[in-house]
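Okay, so chain A shows up in both of these, paired with chain B first and chain C after.
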Partner chain A sequence: MTYAIRTTTTAQPTLLEKVPPLSWALALLLLVMPLFASNFVLFQIFGWTFILGMIGLSLMFLAGYGGMVSLIQMTVGGLAGYMVAILGTSGVPTISLGWPWWLYIPVAILIAAVFGTLVGALAVRTEGIYTIMITLAIASAFFYFTRQNYGLFNGYTGFNRVVPPDLFGLDWRQATPFYYLTLTCAALSYFAVVYVARSPFGLALQGVRDNPRRMGALGFSVTAHRILAYTFSSVIAAVGGILLVWQNAQVSPGTAGIPQVIDILVIAVVGGIRRPIGPFIGALIYVLLRVYSPDVLLAFGLSGERFKLLIGLGFLVIVFFSPDGVLGLWEKYKARREKQADPLRGGRP
Partner chain B sequence: MTLTQTRPGPVRNTAERLSSVSSGNALELRGVTKLFGALAAISDVTLTVRPGERRAVLGSNGAGKTTLFNCVTGDFLPTSGTIRLFGEDVTSFPAHERIRRGLRRTYQISLLFGGLTVADNVYLACRGVSRGRFSLLRPRINDVLVARATELIEAVHLTPARDTLVANLSYGQQRQLEIALALAGAPRFILFDEPAAGLSPTERAELVSILTGLPAHIGFIIIEHDMDVALRVAESVTMLHNGRVFKEGTPEEIENDAEVQELYLGNGHG
Partner chain C sequence: MQSFFKRHPVWSVILLLLIAGFVWLIATPWPPGLEQVMGRKRIFLNAVLSGITLGALYFLVASGFTLVFGLMRNVNLAHGSLYLLGGYLGYEIANATGMWLLAFPIVFVLVGALGLLLQHQVFRRMEGEELRQTLVTIGISVVLADIMLWIWGGQSYQVLSPDWLSGPMTLPLVSSLRSNGDPVYLTYPQVRIAILIAAIIIGLAMWLVLNRSRLGMLIRAGVDDRDMLAASGVRIQYVFLAVFAFGAGMAGMAGIVGGTFQSLTPGEDTRFLLASLVVVIVGGMGSIPGAALGALIIGLAEQIGLVYAPTYSVVFTFLIMALVLAFRPQGLLGAGR
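Right, the complex of A and B next:
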C-alpha cells in the first residue's frame, strides 16, 4: 500500500506560516463554540464527535501510517472504560474498588494499552484481510466475555453511574465543561499523532507500511515497530473510551459491541485514513446522521430505525466515489480548481 | 566529501569486538544452498571474502546471484549451510540484526519508500543503524543524523531532489538513492546488486567513482553484467553458473579463461 502522506525533515517554517488560515478559523470557532451553541449540541454532537474521532484517529494511525487495519480499537476503548468503572466508582459498589482518580485513570489506560499491545503482537503476524479478521475475532470474544462474566464485568448490565471525578469543583458532565474536556483530549491526541508521524518512530512506521522488507535491510525490526504502533494507538483509544463511558455514565458489553467496532472503521474510512483530521470529519458526519436522520426519516413517514440504512448507504457512496474518504473528495475538488485556474492548461487565469 | 561515518557507532564497536576473536574474514559462506521447491537457486556455495576486499560476482541470468545476496542479508534463510559475518555465525539471524553488524545491500529492483521524500528515506537509513529507532521525539534541526543524511544525499548527487517524493524520482535517481541507503551509518561490508543496470554512461562513471572512492576498510561484492564497471572496481571475481561457484580468480584470469569466455562472455552478456 502506498499513500502519499507528505512529510519532510527540512527547515521548519514558523507555526504561523505553517498553519493555513482555515485551520486558525476552525480552532477559534471550536474555542468559542460554547458562547452560542446549545447544551445539546455541545454535549451530544461535539462531545460525541470528539470521542469517536479519537477512537477513529487511533485506527487512522495504524491504518494510514502503519498499513494495518485493526478492528480492536473500540474494544481497547471499551476495556479502558470498564477499568475506570471497576477500579474507580460506579453504581455497583460490590465490584468497584473506589480508587482515587489519579490512580485509576492511568492504570486503566495502562491496562488497555497492554491489552492493545498483546492483540497487536498476534495481529502483526498477519496481513490485510487476516488482520481485520483476527482483530474482529478478538473484539467479538471480548464482547461475549464481558456479557457472560459477572465477577468482574458484571455481565449483561455492566456498570452505571460511571462519572468523571469532581475536579476543581466542576461537574464535568455539564455541557460546557464536557465540551472543553473532550475538545482538549481530541486536540492533544490529534497533535500527538501529527507530531509523532514525523518522529523516527512515525517515519519508520510509514517505512514499514511502504516496504517492510527494505526496513529490515536498513536495520529496523519490522515486527517490533508494528507492535509498538498498536501500543501508541491503544493509548489514544483508551482515553477516547474513558470519555465515552463518562459521557454515557455507563459501560456495558454494548459499549464495544460488534456494531460499535464496525462503526469506528466506517468513521475512519468515511473521513479518510490518510490524514489525522479525517476520522474527526467522519465522526461528525456519523454523529449528525445518528442524531438527526431519525427525525428526517420520520418526517418522510419512514421508521426512525432506518438511520442505519442511511449510514450504510452513505458509507457505500463515499467508498465508491473516493477511497480516501471525504478528505479525498475535497482534495480532488481542490486539484480540479487549481487545474482550471492554470492558464497553461486552458483554464481561466 | 566523506562517504562514511568516521566516528564508529556503538553497534560497530560490538561487531568489531566479535570479529577480532575469530578468523578475520568479512564474509564466509560454507555449503550454502537455497531451494525454491525443487529448484536449487544456489547449491553448495562456499565463499570467503576478506575485510576490505572488493569482489565481483558474475553469472548469466538466473545463475543465482541475487539469491546469494538474499541469503547473506537474511531476506531469505538458506535451506542449508552456514553464513559467517565478521566471524560471527549469523545463519539464523533476521535481516535487521545482520545490518546492525555492518552489512548493507542495494536491490537489483529499487526497493524504496515511495510515499516519503528523498531526505526521509536517507534519514530512515541512518536511523536504522543507530539508536533511537523508536524515539517519539522529532529530530532537531542540528540532529547529527539529519546532517549525515544531507551529506549522503550530496554524495550521490541528489541534493536538488531532497524534498521530492521518491515515487516521483527518475529511474536513475532511484538507483542513486539505493546506493545512499546502503552507505548510511558505518557500513563495513556492502552487497551491490547490479547498481549500474539501466544507468547512462555518465551515471555509470559517477557510480564507478563512488565505488572506487569508498574508504579502504569497506569491502563489497558487486553483481554486475557490465564488465567495464565490474572489472574496474573489483580485485577478485567469482563466477556463478547454475547456482554453483564455477570459477574464482583475479579479473585478468577470469577474462582470459577459455571456459568462462565460452560460457559467459561469449554469449552476449559482456
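Right, the complex of A and C next:
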C-alpha cells in the first residue's frame, strides 16, 4: 500500500516511468479512500493497519537491515503512549501533568527513544536468538511493572480518555482526519526507512549484518551502528505507539502485553522482513483476520473467540513454508511465471 | 570453586561476608533496633522461604529449558505452554484418580511425548535455522495457548495437595522471642517444603546423570561440540529426542507443582516463560548449576522485593538481569563461548 505512496511524493518525470502503474493506482486509491469507504473501514481497518504496520516497520528495520530480531518495539510504542498519557491529559488528573501538545509529544518520543536505545545497548551485547530472549524478557518485565505500579503507570487500569489535541479545530479521532493522520505518519516512516537504508549509515548497518568482523576491521564501530539502529527504529515505534493509544483513547498494561509483543513479530514475519512494505501487508492481513475472522468462524459454527488459533496457525504455515513471508511467496510465484514465459529456461513463450 | 577464590580474592571475601550476614539474619532472633528498620522477622523469614521455594519451582521449569538450549541451540519459546499444559493435565488426573503423586509420572510421560513429537516432526526439519525454530515455537505457543483456553476456559484452577502434605509444619528457625524468653518457631506450609526437597533431589539427580552416566557424557559432549559428537558415530538425533522429551516432561511436572502452590490461569504460560528466560540469562545458558543459582536469585529477589517494595519488585528482577548482562553477558555460571 504505502509502497505505492512513494510514487506520489517523489513524482518526477524520470521516476514516472520507472514506477509500475500498479503502484500509482494504489497510491491514488489510498488518497481518495475516504470518498467511498465507510468510517469503520477508515478508522478501524486502515488506521489500525497503518499503526501496526509502523511498529512492524521498526522491527523490520532492525531485523531486515540490522539482523537483530527485537521484541521490544511494541514496548517502546507502549511507553511512548504511557508518556503521552502521563505528560499530557487523560482521565486520571491526579497523575497526568497536562503539558501542551507541542511539548509532550516530542518529550514522549524522546523518552521512548532513550529507553529503546538503552535496551538496544543491552541487547547488542548478545547475538541472534539471545537478542530475542533478552528483548522478550525486558518486554515482559515492562508489562508486569506497569501492571503492578500504581504511582506512575496507574497499575491495572492504566489511563483512559487519552485523545489527540484539537489542532486546526479538527477532532482527530474522527474517521477521515485519523485516516489521513495515520496515512501520513506511515508514509513518512516508510520513506524514512527507505532513505536511511540507502544512506551511508544504512549501508554500513547492512554490512554489519552480513559480516560484523569485516566491518569492524574496516574501521566501523559495530556496536555503535547497532545501537543507533535501535534508536532510529524506536522513534518510529514511538510514533506508532502514540497513534495506537490515541486510536483506542486509552493505554493500559495490555497495550504492550506479551501477546501484543508477539503480534508485532507475527505481523513483520508474515508480511516479510526483507522489504519495508512487508510489515504493512502483514498488518493488513492481521487486522482483516482480527476484525472479520469471528464472523467467518461463527459462519462455520465455531466460537468467534478462536481467531487467535487461526492467526497462530496461519503464522505457523507461513513460517513453515516461506520464511520470507507473503512477499516471499509472491516473489516465488513471479519468478516461476517468468521462467515459464522464457523459452531459454524451459518455458513456452 | 578453588580457582574462583584465587582469581578474585576481594570478591570472594565480599560474597562470603554477604552470605554470613544473610545466615545471621536467618538464624538469630533480631534485636529490637533491626525490627524497627526491617519490620517483623517472621515477615522476612516468610519472604526468604517463599523466595527459595519459588526458586525451586523456577529451577524445575528452567532446567529443561536450559538443557534443550545448551544442546540444540534451540530457544523453545513454547516452554511456558508445556508448563501450563502439564498443570492442566495434572489437575485433571489428580481430580479423576484422587492421587496427587500419580499425576507426576503420567504428566511427565504425556508432555514428554508431546516434546518428542515436536522435536521429531518440527525442529528436526529446520535444524540449524535458529531464527526459524524460534519463530515456529512462538507460533506453537500461540496455538497451544488458545487450545488450552478453549478446553479449560479462563477461570483459575488449583491442584489440591494430598492430606498428608497439607497443613503447616514447624521449622527449627526462631522467628521471635516471647516476653519470657522462650523462642517462637516459624511455621510454614508443609507442601512447599516438600517441593523444595523434591527440587533439590531432582537437581542432584540431574547433576549425577549429567556427570556420571553415559547419556550424560553424550549430552555434555553434545553441548560442547555437536558436530564432533555426530562425527564420532553417536546417533545424535536420539540424544536430541531424549533431551527434548526430558525437558518437556520436566516443564509438565513443574506445571503440577506450580498448580499446587499457586494457580493455573491463562497467562501463566508467559509468566513462566519469562521466568525461565531470566533465570537462564542470569545463570548462564545451558548450565544446570547456573539454572539453580539463577532460579534461587530470581526467586529471592522477587519475593523479598514483593514484601519490601511491592510496586517495584519486577524492577529488581530486571535490574539483576541487566547487571548480569552488563558485566557477564554469558551468565553467572555460563561457559564463555
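Methods note: the second predicted complex is superposed on the first by the 333 of 349 C-alpha atoms of A that agree within 3 Å, B and C clash if a C-alpha of one lies under 4 Å from a C-alpha of the other, contacts with A are read in each partner's own complex, and residues count from 1 in each chain.
Note that a contact is a pair of C-beta atoms (placed from the backbone, for glycine too) under 8 Å apart; a residue touches a chain by one contact, two chains touch by 3 or more.
Just so you know, these numbers come straight off a predicted model, no measurement behind them.
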Thinking of the overlay built on chain A, is A:25 touched by chain B (first), by chain C (second), by both, or by neither? neither
Is A:288 in contact with chain B, with chain C, with both, or with neither (first, second, both, neither)? neither
Quick check for you: in the superposed arrangement, does A:114 touch first (chain B), second (chain C), both or neither? neither
Output check: A:201 vs chain B and chain C. Expected answer is one of first, second, both, neither. What do you get? first
In the superposed arrangement, which partner chain does A:217 touch: chain B (first), chain C (second), both, or neither? first
On the A-aligned overlay, A:97 touches which partner chain: chain B = first, chain C = second, or both, or neither? neither
Considering only the contact definition stated at the top, list the common interface residues of chain A for chain B and chain C. none
Within their complex, state which residues of chain A touch chain C. 69, 122, 125-126, 128-130, 132-134, 136-138, 140-141, 144-145, 148-151, 258-259, 262, 265-266, 269, 303, 305-306, 308-309, 311-313, 315-316, 319-320, 323
Using the touch definition from the top, list the residues of chain B that touch chain A in their complex. 73-75, 94-96, 99-100, 105, 107, 111-117, 119-120, 123-125, 127-129, 132-139, 141, 146, 149, 162-163, 165, 167, 181, 184-185
Which residues, counting only chain A, touch chain B once they are in their complex? 2-12, 195-196, 198-204, 206-207, 209-211, 213-222, 224-225, 228, 232
Residue ranges of chain C in contact with chain A within the complex: 73, 75, 77, 129-132, 134-136, 138-140, 142-143, 145-147, 149-150, 270-271, 273-274, 277-278, 280-281, 285, 310-315, 317-318, 321-322, 325-326, 329
